[in-house]
Amino acid sequence: MYSEEAHEEFRVEPVTALPAVGEPGTVVWVDVQGLGDAKKILALGEHFGIHRLALEDVVNTHQRPKLEPYEDHYFLVMRMPLDDDALHTEQLSIFLGRGFVLTFQEFPGDCLEPVRKRLRDAKNRIRREGSDYLAYSIMDAVLDAFFPRLDEISDALDALESEHFTHPDPATPQRLHTLRRELLTIRRAVSPFREAVNAFIRDTGDDISDYTRLHLRDCHDHTYQILDLVDTQREIATGLLDVHLSLVSNRMNEIMKVLTIIATLFIPLTFLAGVYGMNFDPDTSPWNMPELRLYFGYPVIVIIMLGVIAAELFAFWRLGWLGKPRQ
Amino acid sequence: MYSEEAHEEFRVEPVTALPAVGEPGTVVWVDVQGLGDAKKILALGEHFGIHRLALEDVVNTHQRPKLEPYEDHYFLVMRMPLDDDALHTEQLSIFLGRGFVLTFQEFPGDCLEPVRKRLRDAKNRIRREGSDYLAYSIMDAVLDAFFPRLDEISDALDALESEHFTHPDPATPQRLHTLRRELLTIRRAVSPFREAVNAFIRDTGDDISDYTRLHLRDCHDHTYQILDLVDTQREIATGLLDVHLSLVSNRMNEIMKVLTIIATLFIPLTFLAGVYGMNFDPDTSPWNMPELRLYFGYPVIVIIMLGVIAAELFAFWRLGWLGKPRQ
Amino acid sequence: MYSEEAHEEFRVEPVTALPAVGEPGTVVWVDVQGLGDAKKILALGEHFGIHRLALEDVVNTHQRPKLEPYEDHYFLVMRMPLDDDALHTEQLSIFLGRGFVLTFQEFPGDCLEPVRKRLRDAKNRIRREGSDYLAYSIMDAVLDAFFPRLDEISDALDALESEHFTHPDPATPQRLHTLRRELLTIRRAVSPFREAVNAFIRDTGDDISDYTRLHLRDCHDHTYQILDLVDTQREIATGLLDVHLSLVSNRMNEIMKVLTIIATLFIPLTFLAGVYGMNFDPDTSPWNMPELRLYFGYPVIVIIMLGVIAAELFAFWRLGWLGKPRQ
Amino acid sequence: MYSEEAHEEFRVEPVTALPAVGEPGTVVWVDVQGLGDAKKILALGEHFGIHRLALEDVVNTHQRPKLEPYEDHYFLVMRMPLDDDALHTEQLSIFLGRGFVLTFQEFPGDCLEPVRKRLRDAKNRIRREGSDYLAYSIMDAVLDAFFPRLDEISDALDALESEHFTHPDPATPQRLHTLRRELLTIRRAVSPFREAVNAFIRDTGDDISDYTRLHLRDCHDHTYQILDLVDTQREIATGLLDVHLSLVSNRMNEIMKVLTIIATLFIPLTFLAGVYGMNFDPDTSPWNMPELRLYFGYPVIVIIMLGVIAAELFAFWRLGWLGKPRQ
Amino acid sequence: MYSEEAHEEFRVEPVTALPAVGEPGTVVWVDVQGLGDAKKILALGEHFGIHRLALEDVVNTHQRPKLEPYEDHYFLVMRMPLDDDALHTEQLSIFLGRGFVLTFQEFPGDCLEPVRKRLRDAKNRIRREGSDYLAYSIMDAVLDAFFPRLDEISDALDALESEHFTHPDPATPQRLHTLRRELLTIRRAVSPFREAVNAFIRDTGDDISDYTRLHLRDCHDHTYQILDLVDTQREIATGLLDVHLSLVSNRMNEIMKVLTIIATLFIPLTFLAGVYGMNFDPDTSPWNMPELRLYFGYPVIVIIMLGVIAAELFAFWRLGWLGKPRQ
């Protein structure tokens, strides 16, 4: 509860203890963390005159971000990044009415601290504006919370990229897959929200001050910026996967080349050695391996072997296989 | 047949036994399961004044989901998940007129039990609303039936994902292919239905109460949610296939590396051993393998072999091949 | 030529023998099969008052499906499946005027037999409707002719799919490529035609009866159904190709594994056997292979060999290579 | 310069010698080939009252096809295929004013010969129409020049396709890449031109006769036809690349299978032969290779070897490796 | 500061020393390079009456290009290529008001020198036009600065392409990845800017002269040209990656073929040689390798070996493996 002059923060336990809404210049913000207590939510809804269908959407936490105008309030669903789980988001339901803002979060802990700080600061403009500006501030704070996450992903991609070209790591595809899932999570949270902000700017008429509307346009820009970053980084991730796969296949090529060179160099030589290791008895026939008793038999066979090696090396060089093995 | 006060369920055998339509406050719902009896369908159509072209579409069960407005009724085609076959859907044709709802299913067994339960509950709001609300309830029940299927697919993908990184399974691509076909089936069923719901909200004028229209918007949200989930999971499935392929190719790399290391270590040694296994006769010439009679011949050759091994291991280490084999 | 009462079919040879057009209640349908005789086409065009530019499009048989309104007739181009060539379609040009329908086909033989049958049936509604309904019937018959083709493709894909998982066939990619080309052919024939039907419904004003327009909407639905099926089957074909490629690479993996296991098991053993096959003379030096004369030399070397095998098998088991070879 | 009665072709050297524009019924067409002489272009521009910004676009030859309306003329940029270079196009700038058409080509030699022929033919309709029809004829001639190129590409793809399935060629990917670049070139030339033609039809009001407009619609159809063909052929090219890659990997599979079968058949046998080639001295110990002196030693070992081969062949048959090697 | 008669350039140190704005015919251009000094920026903003929200966007340098109309000025954000880093761009914020242009760059050094030169030239048209034309000139200069970069990328791709077909380089995928990232950077800078230019042309009413608007349309054309080039080159890069991968896999094929041919030629021969190297004692049994004492034993075995080689070569030739090894 705050007005230009005063700001109070308290923990409401019985819902009946809620302050009345509607004093001019005073805005009531009720922030519910955790959706376990269905009764309290209903009581709250009644207190502020919230439509039943909207309350159902609060509890059913798989809503897409959207804006729903009701007769005397707006219902806005956002998805908020979680502190410790980059692959999921929590649902934040915002009700904006004359003189009040009502927010429901799935779990305790959020990214709205900057808004609270500004509310505590008596000189901050937020204290002089109405509930619409508060709603805007919350939306903007949630969007801003995606940027550090995107920066982390961008850093991770850059790290993968530079490290990768020097030493490809077989875990790269999994890491890229995880990063892409995170990007997908952000895209799913922000993409439909963009339309919601648009509707907020377009369809709210006089319920929102021009000042807030100007800031909402900024908010709209932010959603574009986020989606832009998401798309760019997804393209980079895809590109990196391609590069990884081709590095792996180059490496395989190198390995095959080494194996082939070594094996084809020695296989014929081993055969030659095997031939002169045969035990045909030269004594029984002049046809049986007379080479073994030639005066220069051994040197000649060594020279033949060297010749085979030279011929093979020449063939490999012609095939372009003797470049420096790349790592 | 139900009104606010009464609710009757009975099995109509001769079509002529159908109750008259049009008592104010009373809604007649006729649910036909199985399309085998063309005559009965024609009789039913005549009874409720259904257009012939629409009846043809009921029997031709490959319709895309659509809404067709006729003079005094609406004709809506949906696709409903089957209990035991995730790759196909059955066609559900809904006729909505003043005071009646007529549904045709291809096969017995459906996902409309929740609607029937609510109809039996005298206090349920559905009993006080008209046939438009009943039609909405049926539509919503069908859409809701897709969510458990999507959850199953999501669980299957998560299972594949976690199990996969520890132990890639060659059957993964087939499982992913099947999951993708299921997602395709859902997308084909829901995507054109979204437009039909839209047309239902937009074009029905006074035929539908504001209350129902509000709930239809919810229904519209559900189609978006489903398509959103389908798209996300298809992207995850595609990503997993990429990861699988690169794991397979990493594994191939490891295998090749082991083969190459072992083979290139021993091939030259085996050749050396082969050379000194040749039977050139040292007695016939001093040039014929005098090494065999050297005092340190054997130790020297063993040392040479160890040297070759050391040199090769050094080369492999330089090529970065001696990292711990990854699994 | 038909009216409600009469129906005549005859082969017009001299174009001048054509019946006059314009008797109320009578429709003339002239069907030209083959476009070789340019003079006859011109004479026909003159007879029915066809625009010259449209006649040029009739002969130039690479038109995209389209609707062109002329002052006193409509010109519609469709592509019709050929009986024996799934990769090509023939051009069907339809001229619709008051009291006449004029069709030009590239080749004899078509899929319009069902229309002719209905014309011959005196009780069929088609006999009571005007030329617009005849034009619709022709369009619908052509579209219907695509469905059996799509069913064939779908069956072929299903066959490939089930057979494939048990026994991948190297010819699969080619068969998939051919099926995809057929789907492409259907898509190219139907996709622009959808817009033409749309224009037909939208822009024809009073030239078309409400009854025909209702049926044209059905026709429009059919184009959607066809394109839907084409897209789904193209996705399935793409998915199957991915599955095929990964099966092939799994299989390669298995082959490599078998080779590597066999080769690495025996290569060191063969080396050991080779060492003790060397002919160093133990008589000339106590250093030269004294093992050969040890009392337990042979058993010890056999035990060493068994030890090497056991160690290697243990290493392979640790690397997870000894699972049952999958087929 | 031509009217219905007369047609003159001459080579204008000094720009000042240009005929006056504006005689009713007479059209002046100036065709400039080569853009080297900036002064002459400026003089021409002045003579016909061309806007300076448009003249700049003439010289800057990287324009996208577009239509720019100026106060008293239209400026149209097209891209024209080159005779000898399928990967590039030249820029054709067309100025259409009352009574004149001014064209600028980058290089001598073009595809406008058919237009010139028709101009020379006194009976051709083009002689009776205005400059708008001449402009249309030029546009149509340029578009027509893309069709033979597309036919060539289509033939090349068909050739690759049929030849490929019997004998895959490693140069296929490069040829496909070149064909795709050519398709890309055509798409880049025609795709924006489609919009220009559209604007020409829509925005030119009375400056263009209905007769020309009717023909322009034909021209518009041609752009669609070209883009359609380009897209189809790009899909076929992509499909062919997939087929090629999978043929290559099938072939690798075959090669690996042959290597593995031969190697694994002989490696154990060679080991066995190696064992009995060891020189352990049977004289020094009854444990040292007593097999060598067994009566049936050699036949037994030969039988063992045959048994190993049979066992391996059986294993390969079970693994399904002994199918006929496919080529 | 310039008017038609005069042009002054000076370095403003204290912001208070800025010349007054608003003298008719005089335009003040203040160019701030570097955004370190927040105070100065605020002072500048105050001097020219800039909206606070816009100033915030100046400092927050991750804006997407956009046009924001404020009451008495326009705020335009562009991204400008950096001299030495093709993967990033700097933000250029342009404020256009009556009689002044205010630009903020992130870093010193820019691509606006051509504009400055034209300003210094007393005869240049820019001196006679207003601040809107100056703003246009800056925008155009920035866009023009992307063209040399695109030319570099195009040259790099052409170089890769020609060099690649003769000698594929394993670093190609990385180079292609880098080129694609550069193209991505340009696309991200120019794509949203196109919409901004569009808004500039459409929404600025009388604030911009017709002359400037005509030139802005040119500017709009340039954005299309850039995006066109970017898309074409990205497609070429993707195509080149495909070609590279298939060249690599062809090469692997060649290597495998050589290995397989050599290995399978010699493995059976080596086995045969091994057999006759066994030391079974022919003295102890007539069954023990009697071949060794046959008169033609050795020649026969040599002939058998040659026969095996011939049979294998024939098999390879049948399999089509003996084509000239392609490089």
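Chains: A, B, C, D and E, in written order; residue numbering restarts at 1 for each.
As a convention for this text, a residue touches a chain if its C-beta (ideal position, glycine included) is under 8 Å from a C-beta of that chain, and two chains touch if they have at least 3 such contacts.
Please read all numbers here as calculations on a predicted model, not as lab measurements.
Put simply, the C-alpha centre of chain B and that of chain E have 38 angstrom between them.
Mean C-alpha position of chain A lies 23 Å from that of chain B.
Under the contact definition stated at the top, the residues of chain C that touch 2 or more other chains are 245, 249, 252, 256, 259, 263, 267, 270, 274, 277-279, 289. A ring topology is adopted by the chain contact network, closed into one cycle in which each chain touches exactly two others.
In the cyclic arrangement of chains, the order starting from chain D and heading towards chain E is D, E, A, B, C. Taken together, the chain A residues at the contact with chain E in this complex read 165, 214-215, 217-218, 221, 224-225, 228, 232, 235-236, 239-240, 242-243, 245-247, 249-250, 252-253, 256-257, 259-260, 263-264, 267-268, 270-271, 274-275, 277-281, 284-285, 287-289, 319-321, 326. Chain B makes touch with chain C in their complex at residues 53, 57, 62-64, 66, 68, 167, 170, 172-174, 177, 180-181, 184, 188, 192, 241, 244-245, 248-249, 251-252, 254-256, 258-259, 262-263, 266-267, 269-270, 273-274, 276-279, 282, 289, 291-299, 301, 325, 327.
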